[in-house]
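Each of the two complexes below includes subunit A, the first together with subunit B, the second together with subunit C.
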Partner chain A sequence: MKKIGELVAERTFLLSALASSSITVAILAFMVFMGLPLMKQAGFYQLLVKPWAPYQGSFGIYPMIVGTGCISFLSLVVAFPLSLGCSFLIATIAPKPVSKGLRRLIELMTGIPTVIYGFVGIFLLVPYIRELFRSGSGLCVLTAALVLGIMITPTMTLFFCDSFDRIPRSYLTAAEALGASRTQKLLYVILPCAKKGMLNGVILALGRAVGDTLVALMLAGNSVRVPGSVLEPARTLTAHIALVIAADYESPEFRSIFACGVVLYLFTMMVTFLVRYLSFAEGRRD
Partner chain B sequence: MKTRILENFTVVFAWLAGLVLLSGVSLLLGYLFFKGHASLNLSLIFGDTPPLQALLLKQRVFEGLFPAVAGTFVLVVLSIAWAIPFGIATGIYLAEYAGPRVKRVLDALFDVLSGMPSIVIGLFGFSFAVFLHKHYSDRIGPCLLISSIALSFLVLPYIIRTTQAALEGIPLNIRLTALALGATRLQNIFLVLIPRSVSGIMSGIILAIGRCAEDTAVIMLTGAVASAGLPRSLFSQYEALPFFIYYISSQYADSEELMQGYGASIVLLFLCALLFVTAYGIRKGLSHFVFYRP
Partner chain C sequence: MRRITFIQPVLIVSILLAACLPAFSGSLDSFQGEKGELKISGGTAHIPVMKEAARRIMMANPEIQISIAGGGSGVGIKQVGEGLVDIGNSGRKATDEEIGRYQLKLFQWAIDGVGPVVNPENPVKALTKDQMKDIFAGKVNNWKMLGGEDREINIYTRDEASGTRAVFWKKGLDKGAITSFAHVVVSNGAMKSAIAQDPYGIGYVSVGHIDTTVAPVALDGVVPTIETVQDGAYKIARGLYSNTRGEPVGLTKKFIDFLYSPDGKKIIESKGFIPVR
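For the complex of A and B:
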């Protein structure tokens, strides 16, 4: 027989768990509810592929989707080799004290506020890019992607290191017993074993790049056009939300940000479930 | 010899990557300090007002960062106050009570929430404020209360996850001893398991504080403004450090304001680094799954 107190406590815990988890659902519900008028009027799919032309009554978010895609992809291109190299350094190549120190430092770097990346980016990198390529204002896809790349590198590196750490000790000892050098161990044992975990890291870093607002908002120039090259400005989904929010509550322009919200939400969900599936598959293999 | 080349190349590549990252970050921080160190003094925070008078709320600060710092402080305290009870209770439920099936569903939901871009949460908070404004009271708009609630949604997964991980990490023999001596489940949780996982829970809370202090996207949609003075009530708009930095970067009028922006960046950076190091010191080896912030 349970005491009343026990039961009450259990119910309280259950209720708070339900309340917290309902937030996830509530956010999607709200987003869809608020965006519904526009989605009904234009069709959700149509919104995704149409250009943004408020004066012709078209509020498609296609340019923002392309902008987000370009900037995130480019930032991955910057971050992937950097993270790979750094995680190699930490895993085997660097001597023990250096690798420990580097890891601490990279962990600390995940705590640098995004707004500071943006702030320094504006005053340091933007003038430099402007001088270097002599085109436009320097606020462009390339600038945003570079800063974003540096910003997501620590996260990605730590995930890589994590997947290296999960490799069974016995594999490594076996390689050592066969006379493998540190680099050989890395290339022929650790790397092939850790592939899935690394894929996870890349996906999560991509999620972070897509979800970031401040860097893109401050550095990408925010023009609503499909960027023709990396030196042209672009607007991301996140920046679009931040920029349009000042407008009138009832206008279709305002409604379009909920379509952006839904897209971002669905993307987050996809990333989460993909990562869960991959780690589940990885767990089953062991 | 081809493999030999590959191996050498790997070593060079790794060192190069490390060098690039380090120089990138030191450039970022070095630039910030080089440009902003001159602005670091008391008048950066308090302007021309005597610090004591400002702290006691006797005089308004016009030229300094004091309202922004105070706004950030109040905001953090409020959001953490909302998030702690729910976060810890949910963490306890997940670790101690939930059956495997329920746990899988809840885990998935919290994973989605922890990966949610902060601007989406901000948008939710904003539309919630608009909703309340239309249906309940004209007095409610984007304000301190709404911001703090939205921020607490943002950091809830951190607290849940660290609580859960700390509880689940307790070895079985400790878990069973009190129960074997006749303690009830609840007694076991509060007298044995929670005291043992306080450090884990604390580090989660400190990380959550850092996240609250740092986040800009949520607050810029839910009530942070460039000039509001000190926050007067839960339903007023307010200033905050990260928003101030963002605002200065696009709207600065003269070099003096810009210097203030540099100063604010350095203050925020120090604040976040301090919180981070504290969290790290409290509990070493915390998985950065907790640190992952989209």
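For the complex of A and C:
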């Protein structure tokens, strides 16, 4: 009896594993298949480098790729120092109860829905940016990147904290015994030891920044051109999909969002593989 | 005994209410005995009317559930065609190709204008049509050139599937270019809040949506209002449509009939549109 039960359970789990992994592959296949007519007609490479001008028959997603790149890279620039400071405070400087409290708070922050960040950004940050620089509407790359940066900071901080915690106590005690100051301890012991784990955190946070739709949709202005400066509006790939999905199913506009999907998919896949590779490399070294 | 005295008046009132409601509802009588779910999506200009109509119907008959979503005209036509919703709203006439592909039945129940709007703080409240075309094409890019402050003009437009955009582009801009600098927002409501937030912005919304938070811009001397749209002085106007796939039946038909009833027309008027006769 037990054997049959085990066999059934084994098969069921195998089936669900197969289903979930094949769905992932099927999604990519579906997007390629749906985007194929346009990709064949215009060429996938052409789609990547051409501008978006549906009335002139050009459905390139180049401005959106640049927009995504700028906004997510800038948000990393915002989030990295913030996370580094927070995690250093939590992991080493702050007394135990404070650091525990801060950690709970940051864990809580990872759960805040992105639409709330967007909403706060619209009412607080947008008018401020507009009047500060006296240029444009305040809906721009900079605003979106700032809010996105704050949004991904908790994720990044938690990763940093975890990798700081994994450093053997003895290393830190040794550094202290040698008379190292806190700064020296950070620079010469903690950072080099935690490098790999931190990189993981950065890459995952980047993935989150690239994949987020609402913040960019609400704050970046969504104009379809390559931004000339951080104060100009831009559109991300995800926001583009959200905006164009209303178009007619049969139209080339609609087809082009599958190209966006493929680009996003490939990017996320690359990020995942990179994280896997790094964790693997780290695991082997240990 | 005390408990019963407390419940009694509540019971009496609710029985009275239940007994009297149908008598007061007039056009809502047809919903008696109906139950079920009605899904509506699409044009965002339609939403205030849809919400009010749905509220009244659901108050009169709690057995009916009506859900209303936005998405824009493109979504409305697409979703009703695919059978995802019962009524798909559009702020433009569905194309012959769409009507053919989905066997759509069109019901135009109101006329609506699409008017340019600016922030109430903006001193520029009148433009010629050519000036407006130049603004949206990006040729005129500073309010100073129009007698306003020395600040860049922030242009707001709608996504390509929007019926409001289609009408404004065709009749307001004579199919002229819209600069790629333009910000893109996803609904009439979002346009209104964007302009209300940005003292240097210009955009366009359904006339029914114009209130004190945004200021209409007179075009060639004609301010877009219900009156000017109705008497034809203001030219950028369109029909508001509710579309169904095939001939509507049951609850769907009753809902559309309600829009054409005297009560429905009153709702349409109160929300700033002109009911069709």
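List of remarks:
Convention: the second predicted complex is superposed on the first by the 274 of 286 C-alpha atoms of A that agree within 3 Å, B and C clash if a C-alpha of one lies under 4 Å from a C-alpha of the other, contacts with A are read in each partner's own complex, and residues count from 1 in each chain.
Throughout what follows, a contact is a pair of C-beta atoms (placed from the backbone, for glycine too) under 8 Å apart; a residue touches a chain by one contact, two chains touch by 3 or more.
What you see is a predicted model; the values in this text were computed from it and never measured.
On the superposed subunit A, the two partners subunit B and subunit C do not both fit; they clash. When both complexes are overlaid on chain A, the residue A:34 reaches subunit B alone and has no touch with subunit C. Shared-chain residue A:181: touches subunit B; no touch with subunit C.
One of subunit B and subunit C touches more residues of subunit A, and that partner is B.
Residue contacts after overlaying the shared chain place A:163 against neither subunit B nor subunit C. Once chain A of one complex is fitted onto chain A of the other, the partner contacts of A:68 are absent, as it touches neither subunit B nor subunit C.
Looking at the shared chain after the overlay, A:54 reaches subunit C, while subunit B stays out of its contact range.
In the superposed model, A:261 lies in contact with subunit B only, and not with subunit C. In the superposed pair of complexes, A:116 makes contact with subunit B only, with no contact to subunit C. By the touch criterion defined above, A:143 lies against neither subunit B nor subunit C after alignment on the C-alpha atoms of chain A.
Shared interface residues of subunit A (contacting subunit B in one complex, subunit C in the other): 122-123, 217, 242, 245, 249.
Residues 51-54, 63, 122-123, 126-127, 130, 134-139, 217, 221-225, 232-233, 235, 242-249, 253 of subunit A touch subunit C in their complex.
The touching residues of subunit A, counted against subunit B in their complex, run 3, 5-6, 9-10, 12-14, 16-17, 19-21, 23-27, 30-31, 34, 81-86, 88-89, 93-94, 102, 105-120, 122-124, 150, 153, 155, 157-159, 162, 181, 183-184, 186-187, 204, 207-208, 210-214, 217-218, 238, 241-242, 245, 249, 257-258, 261, 264-265, 268-269, 271-273, 275-276. Listing the residues of subunit B that touch subunit A in their complex gives 6-7, 10-11, 13-18, 20-22, 24-25, 27-28, 31-32, 35, 85-87, 89-90, 92-94, 96-98, 105-106, 108-113, 115-124, 126-128, 130, 153, 156, 160, 184-186, 210, 213-214, 216-217, 220-221, 242, 245-246, 248-250, 261, 265, 268-269, 272-273, 275-277, 280, 287-288, 291-294.
Across the complex, subunit C meets subunit A through its residues 71-72, 74-75, 77-78, 98, 151-152, 154, 159-162, 180-186, 194, 197-198, 200-201.
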